[in-house]
Structure formats: structure tokens, C-alpha cells
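Structures follow.
One chain, subunit A, links the two complexes that follow: it is found with subunit B in the first and with subunit C in the second.
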Partner chain A sequence: MKKIKILPIIILAFAVILPVFVSSSYIIQSLVMILLYAYWASSWNIIGGYAGHLSLGHATYAGIGAYTSTVLFSTFGVSPWIGMLVGGLLGGLLSIIIGYPCFKLKGSYFTLATIALLYVVQIVFMSEDKIFGFTTNGAMGMSIPLKGESFVAMQFMDKRYYYYIALAMLVIVMIVSNIVKSSKMGYYLAAITTNQDAASSLGVNVPVTKLKAQFISAFFTAIGGTFYAQLIMFIDPTRILGYDLSLQMAMFVIIGGRATVWGPVIGALMLVPINELTRSYLGAGQAGLSVVVYGIILMAAIYFMPFGIEGHLKKLAIFIRSKLPGKISQKEGIQ
Partner chain B sequence: MNNCNKILIVENLTKKFGGLTAIDNANLYVNKGEIIGMIGANGAGKTTLFNMISGAFQPTSGTILFHDMNITHLKSHQVCKMGIARTYQIVQPFENLTVLENTMVGSFIHTGDVNAAKVKAMDVLQFLGLSNRAHAKGSDLTLSELKRLEMAKALATNPEIILLDEVMAGLNPTSCGTVVELIKKIRDSGTTVLVIEHVMKAIMSLSDRIYVLNQGRIIAEGVPQDVVNRPEVIKSYLGEKAYAKGI
Partner chain C sequence: MNTILQAAISGILMGGVYAIIAVGLSLIFGVMRIVNFAHGEFLMAGMYACYALILFWSIDPYISLLIIAPAFFGIGYLFQKVILNRMLKHEKSREPLSILLFTAGFGMFLSNLALMLFGANPLSANSKYNGKTFEIGGLIVSEPRLYAFLISGVCTICLYLFLYKSETGRALRATSQNRDTAKLMGININRIYCIAFGLGIGLVSIASVVLVPFYYIFPTVGSVFSLRSFVIVVLGGMGSVPGALLGGLLIGIVEAIGGQFLTPSYAEILVFIIFLAVLLFKPSGLLSNEKS
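Moving on to the complex of A and B:
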């Protein structure tokens, strides 16, 4: 068992020293986006992967997080670090209110309800200049007031600070994800995914277990929203409360591997650069070509790896280990 | 038989699905340590009765008492926590989990600790002779193993009463024999058993008492030999003609 644990440490060490060798702020910015999407995908995975509920409205919580911290910062001067937690809690609270009725729906009806509610929130933020009396500027979007280099205001000239914050957030959410997966809750969620009635007759409180997972998922998604706001320094309802963002969170998990700790990370690690590259190389030519190519890659990934990349990588690792000279493969060891 | 022995009492229980009365004014009781058989033709309402006792269905009227507590309107997870577990006629394994993990879902009811749940689940699998399949996926099992997995999941919740819904259906005679022995073992370990079964030979040899259902009504109750010779039971099972011929 101990051997397996070495790999994450190597990956983490590599991720920590990586910015030292990269000077281009464009690449750092891209790396931050990969980390952020990996983080969001990992958060989504708790309800979409472990609990098997395909929510396509998770941008709602990202938006709540972004708007909460931004309003607190621009109106009251509250540090985004505090706004982050407040936004997380508000996002979690909202997810319970949304989840309670939606969890009564099954399969695609649940998904449709989450999309509908996302659009409701988005339209409210687009058309109203004030939400609960706080200025949010409607469809114009909000700029985060510039404070210069300031840790309290979570604003940095050097993008590397954002890199390390995003990395720390990702590590935390992965640890949480691992705890959820390997605890009682993980077993209960896995049971709920396949058969709610059977789970219930074994003493699983199905609604409460799902709401717990939903809260954790939304809490972390909302925190990611605050980080996004501080990184881009501008938020507007079409992006941070958008269907695209919701879809991306789900997509990275589905391609990477649902209900696994590493799947969402692998998904983001593969797809964000592919998306970037197709856009930068093909985006200038035929209009829409980049999207077509990106779409084909996604379709191929789902067709050939319906259970995600993570499982295939594991098989590959086992295969390589068995071919390594001087090592007795596990099978031979047993025989 | 005094009242304190009766751990489960069902009084005037009725379930209507629209115009159809699935269970009509059923009364029954279960003593601690008994094996109770439930027989009846398909559609007689046996599974509906189980569904109401286990909390999956809400009855239209009537009460269910467990240790003199009213559990009529509890949800199924609450009923399970009280100490009544059930299996499903159509096996319901968690296909993405192994046999051990399936069973752990049940044993988590009394613990939050993964290792404790694993130990408990392993004990149950050992008891049912499934421990050699502990790491097989739920989707890779034979029917006989799946039926035992159903029992394992329910037993892992440490129930006082276990409701077994056709755990022998579709099994060959040898496997049936194994299950009969298992059910006796379950009772001997202190769990009261309610069993729905069509395999008459098994139910006759197992049950202390039998309830016979016909079209939602309990038409007979008593010791096996006695019950199967009653005219109304023969009529419901074999028809009027057979009864008249004296089969």
C-alpha cells in the first residue's frame, strides 16, 4: 500500500517547483486555470460522481461565491479571504434549498431542474442591478476594486501567488474527496448511486446523505468562484453563472473518471490544454473549427473510454509494473 | 402465548392502490425466535405486506407495532434502524461495489468506523459461506450467490427480525437445501425470521407457523401440517375442482 502513496507526493512536489522554471505569465495563467478547473471538477465530483447526480447547474454556486465576496469587498471592504468562506457557506445553504426539492427527481429530470434553476439565478443577476439591496450591476458585470499588491485583498501582480493558492485549494479538495470516498459516506453514496430503495432498506437515510454531499460540493464550488473573481478581477452573469461553466465541471469529471479522486484532475489536465490549443491554433481560421475539433476529441474520449481516463491509466500502470525487470508481479507473488 | 413474546403485531392493515385492494384488513403477529412462513398465489399481496412492514409503502389504514412501538409511518431507513431488515425478491446488489462493500453498506448502520464495518461484514459473509467471494463485484455473482448476498446485506444490519422475500426462487434443489439450513442457522443465532416462499417443501420443513394469503386476505394461520389440509387453502392453491376431486 505504501508504494502507491509515493506517486501523489512526487506529483505534488513537481507542481510546487514547476513555477520556478516558468517565467511566461501566460503559461502561469494557463496553469492556474488548469488547477482551478481541476478544483471545480473535484468539487463537482462529490455530487456528480460519488452520489451519481448529474448536476448541470453548479455554476450557480460558483456565481454565488464570486458575487458574495465581490459585494462584501467592494461595498464593505471585507477581505475576500473572509468573503470566500461566507460565499462558500451561502452557496452551501442555497444548494440545500435547491437540493431538497430537486433530489426527489430522478435521472435526467434532476439534471433538467438544476439547469432551469441555474438560468433562473442567471436571469435575476442579469436583469437586476441590485440583489437584496446590494449593487451587482446586472448584465454589466462587476469589477473588483484594484488595491495593488495586497495579500488581504487577495490581489497579486505576480501570477505565481494565484498558482500556489489554486494548488493549495486543489490539494484540500482532493483530501476532502478522498475522505468522503473512503468513509461511511462514500459507501452510502455509492449504494445510493446504484439503488436508492435498496440503500434505504439497509438504513441509509437517502435524502440526508445526498444533501450532505450536495453541501460539501457546493461549498467548495463557491469558494472556487471567489478565487475566479480575484484572478480575473471581473465577474459577469453570463460567465460565472453560465451554463458553459457548469458543463465544463461535469465534462472534466466524466472524461477523467467519475467517482475517483484523481479522475477530475486528470480530466482537467488533459482537456484544458486541448481546448486552449485548438482555440489558439484553429480559432483564427475557419470560424467554429476549433469547437468542432474539440467536440470530436471529446466524443472520441467518451466512445473509447466510457469510464474515464483514470481507469485506463491505472491499467497501464499495472501493465508497466508487471513488465519491469527485477520485480515480481503481484500474481506471481501469490502463486 | 403471552403478549410480551409478540415482537411484531400487525393490526387491521389495509393497502389500496387506487381501486385495487392489495391487502385487506390483515392481522398477524410474530413471536420472538419464530420462523413464520407466508404463502399464497402470485399477486396475493405477500410482498406488499413486506413492503409495508419494512416502510417502503405507507399503508392506507391499520397499524404495525414493533415491541409495542408504532412503526406504521416510519421510513424504511428508520424501520431498519429499529431492527427490521428485508431482502428483495428481485435481487438488488450494488453492482459497482464488491460483495464485501455491499455488505458493509448494511453494517455501517451501527458504526461510523470503516474497519469495524469491514469486520462485521466479513463475519456475516463467513456465516453465509460467501467469504471466498468477498472481493467479487456484485455484477459477477451467480443467482445463488446473489440471493445470499441479499441476506448478507440485511443480516449485516443486525436485525431482530429479518424479512426474506423468495430467497429460494430460481435455485436448484441443492442450493435450496443450503438456504433452508442457513435460515435455520439465522434463527438459531437469535434472529426472528419471516419468509415468503413458493417452494412448499422448504416452507413446510422450516416454518413454526404459516400465514396463507389469498387476494389480499389472510385466509389461514397455524402450524404447517394443519394449514395445508384446510379446504380454503387447497381451494386457493389448486382450485375448486381439485378440492372436489379430493386431491
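Moving on to the complex of A and C:
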């Protein structure tokens, strides 16, 4: 009998009704950012967590997604909903082209190669006004043409629409993440992470498995790029093709708990609000202070919980369950 | 022709500085398998320290080396001893990813601390070497750049001799080859880690001091150099001192001569493309200690 988990449904229900009680558009915007980063971190986790390859170049795919949909929309009037998928596929395709040679590299070499490629793409986008003949405005960045309230153009006055789109995206990527984890592919990836040579000798097709994970990861990352463009209504190479964005995706996963479905979400849920709070309380005064505080928190989190918050929460849950009288464990058993 | 020769000379001189930064990074990676993502930020810190010494006590920058290099060795030693060694204990894998991210976080922390303390405006130290030049056979050579090259070169050679001739150097190399065997041979690897990190940071502080007379100082100056030094370390072979020297000179020359024909941003891309080509065709680097 299939076990039905109650907790995720409660969390989802809570997330669905939450915007009803929140009127401040600033808070809604912050919630959207949490969801988007949780989404990006979950996408990154497929290659960075399950496959154990620390990519610090994932902003490449976010940028490809954002630029593809924006160019399609501003030049040809194609709806971002379609541009999103086109961008996702292009990002996935690029990730295969990048991944094929890079996966021959191990450990830190792979990380450095992904950073180098990110910078190549970023410098090209910054110094060229046109990419493949399409106007991208170089370092100036692109504004998304305003169409007012329009579902087709993915532009809404009420931030709640973005909230629900982001929530839907996050749920989808978490389901995919769960499927990847519990499928044959997930076990292959776990085997590759533990010992690539041993996995290969046992018949795991290492390159193909990694490329599949890379494609899925890049596809979803690129879709997040389109969403970011529609949310902020402006993209430029320093942010969306930036090293900082790549680093954030990785940080949220490592701090939340790598190679787990909930880890990236927990990481984003903990750190994005801290980032927002330090920025709004400390950002106005001394330049740099907010990032100093945020940096200290990040370092402390990695230092004290090198394997992520998720594991500690699980331990806590088991501890609480063991302290409670028998009812709960019986309930679990029935389910 | 003359302009190309001129560019080549300034490339080589700058390459020497790149090399000493990369040597430090390479040493840290070689011994502990940690890519120190805060390497550039340590460089930035060194530059501000040197600037402060010039500003408050008007100490000659090259003399301030005697203060800054030992101080940074100490800082690196303690950083490894107090923080990283404890983290290494938890990590079972040979290339600890969480430590890599920790150093990245530390770099972010340091550069923003500098932004907080000194502001975003580029500073330029007033030393008597600023803007001085030699002229040799129609070629103009910048005096502080030449000193930078010479000091970096001498320090790199000293490090090489230290690694190959001294007992501690042998222990460092043994640990980088195989830490478990080194441990079995009675080497205190935790102490070796501290020395390696101290030396790496000490070397980068030497680079920062020699840069001060001819380079602007700003909070994100580190990222300019850390990217280059990643490239150089991979180019030369991670953990190899002569490789880092060769890689540094090569990148210096490519950048300077490429800048003659291409726009600066494409000269930068050229550096990255060389990097990727080496990664893909000879990932162990041009001169590597490691068998791949």
C-alpha cells in the first residue's frame, strides 16, 4: 500500500492560502523571491546534489532562459509562456554541449570550468549589442515591454499571480526532483557520486546519466530565468548571468541539505528572508554591512551544519517522535 | 613590432605577479584539495594593509613586506588551524565541497567588509615609486612593475627551494601526494595544513604589496586576480609550483598581446578559452605532479 505523506500536503495547503492573509505587496514580493530561489536551488540540486557535481555556472542557463523569452517577446511578440519552454529547451541543449566535455573533469576542475564558461557567456552578452542578430542591448540590459495586465504576456499588477505561478513551478520541480531521486536514475546518480569508477564497472552508463541530470537541471533553471525576467521586468548580464546568482543557488542547497528533495527548499526558506531582512534593516545605512552580516550567517551555517539543515531537522523530528506517547508511531504504522 | 614587444614586456612583468598569486592557490589546493575561493579577497586585504602602512606611518611599500608577509602567514595559519581543520575532520570526501563554499562565503564577507570600512572608491597609494619608468633601447619599462616581477620571481624560487630542500617542504609534498601515507610516516598533517595555508596566504600578501605602487585598490579588486589565478593554476597543473610560474607568465603575455589586437573584453575571453582548452585536452595541466 502506498504511503501517503500528510506533512507536504499541509505545507502546500498553507502555502496556497497564505497570500489571502497578506496584503503588503512588499511581503508578497519577498515570498515570491523565496519560492523562486527555492525553485532554482531545487533545479540546481539535480546536478549539484544528486549527481554531486558542484556547478557554479548555472546562471548561464538562467540567463539563456531570460534572454530567450525576452527577445522572443520584444522582437516577435511571442508569449513568454511559449518563450519559457523555448528558453528551457535552449538552456537544456546548451547544458548538453557544455556538459559533454566538462563531465570528463572531476571535482574542483569541473567547478572551475563551469565558472569559466559562465564568464565567457557573460562577457559576450556584456560587450555585444546583438547576439545571433537579436538585439540584447549589451551591458545596458533589456526591459520587458509593458503590456499592462495580461495573462498572455505574463504581466500582472497583483503580485499574487506571480506567487501562484512560482508556487506551481516549485511544486513541479519538487515532484520531478522526487521522481529523479527515487527512480533508477537517482540510484545511478548516487552511485556515481559515491564512486564513479565502481559505478561504471557495474554497468552504469556514467556520461549519459550525468547528461540527463544536467539537461533536467538546466531546463528548469532556464524556465526560472524567464520567470525572473517577467517578475523584475528587467534583465542585465551582471545579475542574471552572474557568478553571484550561481553561488546563491549552490549555497541554498548546501546549507539546506544536498541531494534531498526538501533541502534546497529549506535552505531558501531560511536564507532568503535573512538576506531580505539584513538588506532592508542594514542596507540603507552602511554600504556592505548587510552582506557582511549575511556572509557571517552563511559561514556559520556551513561551519556548524556542513551536511545541511535538513538532516538536523529530521533528527529533531525523530527525537520528538520518540518522546511522544505511542499514538503517533501507531498512526504512522497504519498509514 | 615595437608596440608588440612593449606589450610582451609588460605582460611578462604582470605575469610574474599572477604567478605568485597562483603559486599560493596551487599550494593550498595541492596539499588540502581546497580551492580557496577567498584567495583574491586575501589579496585585497593585503593591499589595504599596505595602503594603511603607507598612509599612517609612510613606510616604504617594499619594506612593509617584512611586516605584512609574516602577519599574513600568521593569519593564514590561524584560519586553517581554528576553522578549516575542524571542517576537514567532518568531510570524508577528498575534495570537500562545503569548505569550498565556506571560502566563497568568506570572500564575500571580506570584500563587503572592505566596502564598509573603506567605501567603493578606488584608492591609490602615494609611494615614491608611482609612475616611474626606465628606458632600455627605446622600450619603456615601468619601475614598480619590474620590482614586482623581481620580488615575485625571487619569492617563487625561494618557495621552490623550500619545498624541495627542507624537511618541512618534503612533508608538505608528501602530504599532497597522499595524506594517509604521510600520516603513517609520522607527519603531523594538521600542522602541515596550517603551514600550507599560511604559506599560500603569505605569498598572496607579497603579491598585494608589490601591486600597491601601480594598481588601484578597491573592495572587489580580488576578483580580478582570483579568476586569473584559477586559470593559471589549472593551466600549470594544480599543485605544481613551476607550472604556476609558467602559467602566470603565459597568461600575462596572452592578455597583453591579445589586448593589442582585440578589445579588452575579448582579450579576457581569450584567456578563458585557453583555460577551457587546457581543461579539456590536458586537464592535469601543462606541468603536473599528478598522474591523471
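Everything that follows uses one rule, which is that the second predicted complex is superposed on the first by the 320 of 335 C-alpha atoms of A that agree within 3 Å, B and C clash if a C-alpha of one lies under 4 Å from a C-alpha of the other, contacts with A are read in each partner's own complex, and residues count from 1 in each chain.
Note that in this section contacts are C-beta pairs under 8 Å (C-beta built on N, C-alpha and C of every residue); 3 or more make two chains touch, one makes a residue touch a chain.
Note that the structure is a prediction, hence the values are computed from the model and not measured.
Peer 1: In the overlay, answer first, second, both or neither for which of subunit B and subunit C A:Ser183 touches.
Peer 2: first
Peer 1: Looking at A:Lys104 after the superposition, I want to know if it touches subunit B, subunit C, both of them or none. Which is it: first, second, both, neither?
Peer 2: Only subunit C; A:Lys104 stays clear of subunit B.
Peer 1: Applying the document's definition of touch, where does A:Ser201 land relative to subunit B and subunit C: first, second, both, or neither?
Peer 2: Once the two structures are laid over each other on A, A:Ser201 reaches subunit B alone.
Peer 1: Under the stated touch criterion, which partner chain does A:Ser25 make contact with: subunit B (first), subunit C (second), both, or neither?
Peer 2: neither
Peer 1: Let me test your reading of the model: by the given contact rule, A:Ile115 touches which partner, first (subunit B), second (subunit C), both or neither?
Peer 2: Second partner only.
Peer 1: Return first, second, both or neither, reflecting whether A:Thr135 touches subunit B, subunit C, both chains, or no partner chain.
Peer 2: Once the two structures are laid over each other on A, A:Thr135 reaches no partner at all.
Peer 1: So, A:Ala191: does it touch subunit B (first), subunit C (second), both, or neither?
Peer 2: Only subunit B; A:Ala191 stays clear of subunit C.
Peer 1: For subunit A, which side has the bigger count of touched residues, subunit B or subunit C?
Peer 2: When the residues of subunit A touched by each partner are counted, C comes out ahead.
Peer 1: Counting contacts the way the document defines them, which residues of subunit A are shared by the two interfaces, the one with subunit B and the one with subunit C?
Peer 2: On subunit A, no residue contacts both subunit B in one structure and subunit C in the other.
Peer 1: Report the residues of subunit B in contact with subunit A in the complex, numbered from low to high.
Peer 2: Touch residues, subunit B against subunit A: 54-56, 75-77, 80-81, 85-86, 88, 92, 94-97, 101-102, 104-106, 108-109, 111-112, 114, 117, 153-154, 156-157.
Peer 1: In the complex formed with subunit A, which residues of subunit C make contact?
Peer 2: 29, 33, 35, 83, 86-87, 90-91, 94-95, 97-98, 100-102, 104-106, 108-109, 112-116, 119-120, 219, 227, 230-231, 234, 238, 263, 265-266, 268-269, 272-273, 275-276, 279-280, 283
Peer 1: What does subunit A use to touch subunit B in their complex?
Peer 2: Those residues of subunit A that touch subunit B are 182-184, 187-188, 190-191, 193-195, 197-206.
Peer 1: In their shared complex, at which residues does subunit A touch subunit C?
Peer 2: So the residues of subunit A touching subunit C come out as 54, 101-102, 104-109, 111-113, 115-117, 119-120, 123-124, 126-127, 247, 250-251, 254, 286-289, 291-292, 295-296, 298-299, 302-303, 306-307.
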